[in-house]
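Structures follow.
One chain, chain A, appears in both complexes that follow, with chain B as partner in the first and chain C in the second.
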Partner chain A sequence: MVVYSFYIFDRHTECVYVKSWMPAQSPGTAPVLSTSSDDAKLVFGTVFSLRNMVRKLGGDDDAFISYRTGQYKLHFYETPANLRFVMVTDTGSASMRNVLHQIYINLWVEYVVKNPLAPVEHKGGAGVNNELFELGLDQFIRGMM
Partner chain B sequence: MAASKASRIGEETRIDKVNAELVTLTYGTIVAQLCKDFEDDYPEVNRQLDKMGYNIGLRLIEDYLAKSNTMKRCANFRETADMISRVGFKIFLNITPQVTNWTTDNNSFSLVFDENPFADFVELPDDGRAQNELWYSNILCGVLRGALEMVQMQVEAHFISDVLKGNDTTEMRVTLIRYIDDELPPEDD
Partner chain C sequence: MSWTPPKLIHIPRRTVFSLIIINKAGGLIYNKTFHEGGLNKISTNDYLVLAGTFHGVHAITARLNPVKPVATPPTPGTNELPGRPEPSSGLEVLETENFRMQCFNTLTGTKFLLFTETTQTNVDVTIKRIYDLYADYVMKNPFYSLEMPIRCDIFDRKLLSYIREINNR
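Up next is the complex of A and B:
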């Protein structure tokens, strides 16, 4: 299993964290998703629309979980506080919903929210980019690959 | 049904314990310091406590969601009230205030505190005003307001009685003002 990239969006729809595990040279196989801010916006627009459509069709309790293209699979998890986690992996991977939930519980809440000096709102990603979170996430993701 | 489910979550959630007296004394110190800083301007102390609580609530909700493993939203405000009492207060303060006095439109309820760990050992100052003006546990109102705002509920919360003031019960009134809509991404220009 390969994880290509990972995004966190806050309740103000702002992208507060991006990370990419793209191998440096990937001749044609990996999707050309970069982690520039434009892409983050596009990713958010996509998951936001899909989530709204899913709810419209399937009722308010229905959740948008993932979609798959020929090149990649995009996983989505949203907390009740409207924090959105997005992970892009290869097409063969199983559901990452649980993984995203674990990232929320064990990394986000522990290292970002509970850091008393980090701001509550993460304007421009402030406070998210701390060492423990970064390290924990990287280890967690590499452990799965 | 929903009530028993909430009780179970509240009971089963494992949480690190902390000495209750440490909490009581720490909180008491905060209130005492605020009274000193604002020269016994009790309405201002209430406001400050509420504000501190609000900032706590904004963060605490994430811990609540993580600990209680709540994956989805409450279906209605009644369920929310149950979860606040039986899960929220249970895991953070190990108390379960009663949820009563619903208004007919189901938008407003009371939390009646049979016990309040913040107020152990407390006697309000005998200056003739604190008894009327100071809401000692006002931080809790702010916590609820902050926490619920993060899950898209704008509420108003205030105490209407307190055993410290000689009332029979300690009662907080919580009123739902509105559900907050999802924020939309900014339009591209």
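Up next is the complex of A and C:
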């Protein structure tokens, strides 16, 4: 299993955390055209539209879990407070819903919510990119790969 | 002696809920519900909005591809140019708690969306068969104008009998 990237969006639709595990670009290939902030906006637009579409069709209790294309798979998990977790993996991976849920309880709640120095709103990612959270997340993801 | 409740045997239901066909411009050209109660009833206007939204999302999902497409190397010993990289496909399968949606994008950009039960199998076979029916009874209909809503009786009938066969299996 390969994890390509991971995003967290807060309830104000702002991307508060982004991390990529993409292998470094070899010098021969063309440079990547988009920046990661552009990508985060596109990812948010996609999951937001799909979530609304799913809720319209499947009822208000329905939840969008994942979508797959020929090249990658995107997993989605939303907490009751509208905090949204997104993970992009290869196509072969199974459902990552509980993994995202684990990241929420074991890392987000432990290291960001319970951190007395972190602000309530994470404007521009403030309070999220602390060492413990970064390390814990990196270890957790690398442990799965 | 204590009474034990009889074990309930869970038979997975295999149901196709509905089919949507979107033309290459993102307009809704066909919409049919086969099974009531699977999905919420929404108005035709909402279906049009949904088709347009999905068309846009599909284009974005193709662009978000983290894997850089690689060109096929030329056969060694020949003077061939390297082949064009395979274009990245957009959204193919969408999974939610209550349903599963499969999207089939034809070479000309027409999209077939099939909404089914989450446990449904062989959806790609079903969707290819629907595409066959579309090719046979819509595209070969001399009175059908391209990119316009599909109103072909025989397509409706063939589609309905095919889906009924699956839903009653």
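Some notes on this structure:
Keep this in mind: the second predicted complex is superposed on the first by the 134 of 145 C-alpha atoms of A that agree within 3 Å, B and C clash if a C-alpha of one lies under 4 Å from a C-alpha of the other, contacts with A are read in each partner's own complex, and residues count from 1 in each chain.
Methods note: a contact is a pair of C-beta atoms (placed from the backbone, for glycine too) under 8 Å apart; a residue touches a chain by one contact, two chains touch by 3 or more.
Here the structure is a predicted model, which is why all the values come from computation and not from measurement.
With chain A as the common reference, chain B sits beside chain C without any clash.
Once the two complexes are laid over each other on the shared chain, residue contacts for A:19 go to neither chain B nor chain C. Ranking chain B and chain C by residues of chain A touched puts C first.
In the superposition on chain A, A:114 makes contact with chain B only, not with chain C. Of the two partner chains placed by superposition, only chain B is touched by A:104; chain C is not. Of the two partner chains placed by superposition, only chain B is touched by A:80; chain C is not.
Contacts of A:11 after superposition: chain B is touched, whereas chain C is not reached. Residue contacts after overlaying the shared chain place A:46 against chain C, while chain B stays out of touching range.
Taking every C-alpha atom of chain B against every C-alpha atom of chain C, the smallest gap after superposition is 12 Å. In the superposition on chain A, the residues of chain A contacted by chain B and by chain C overlap at 45, 61, 63. Against chain B, the residues of chain A that register as touching in their complex are 11-13, 41, 44-45, 48, 60-61, 63, 79-83, 101, 104-105, 108-109, 113-114, 120. Chain A contributes residues 4-5, 22, 29, 32, 39, 42-43, 45-46, 49-50, 53-54, 56-59, 61-72, 74, 88, 95 to its touches with chain C in the complex.
Listed in rising order, the residues of chain C touching chain A in the complex are 39-40, 42, 46, 50, 53-54, 56-57, 60-68, 88-99, 115.
Taken together, the chain B residues at the contact with chain A in this complex read 55, 58-59, 61-63, 65-66, 69-73, 150-152, 182-186, 188.
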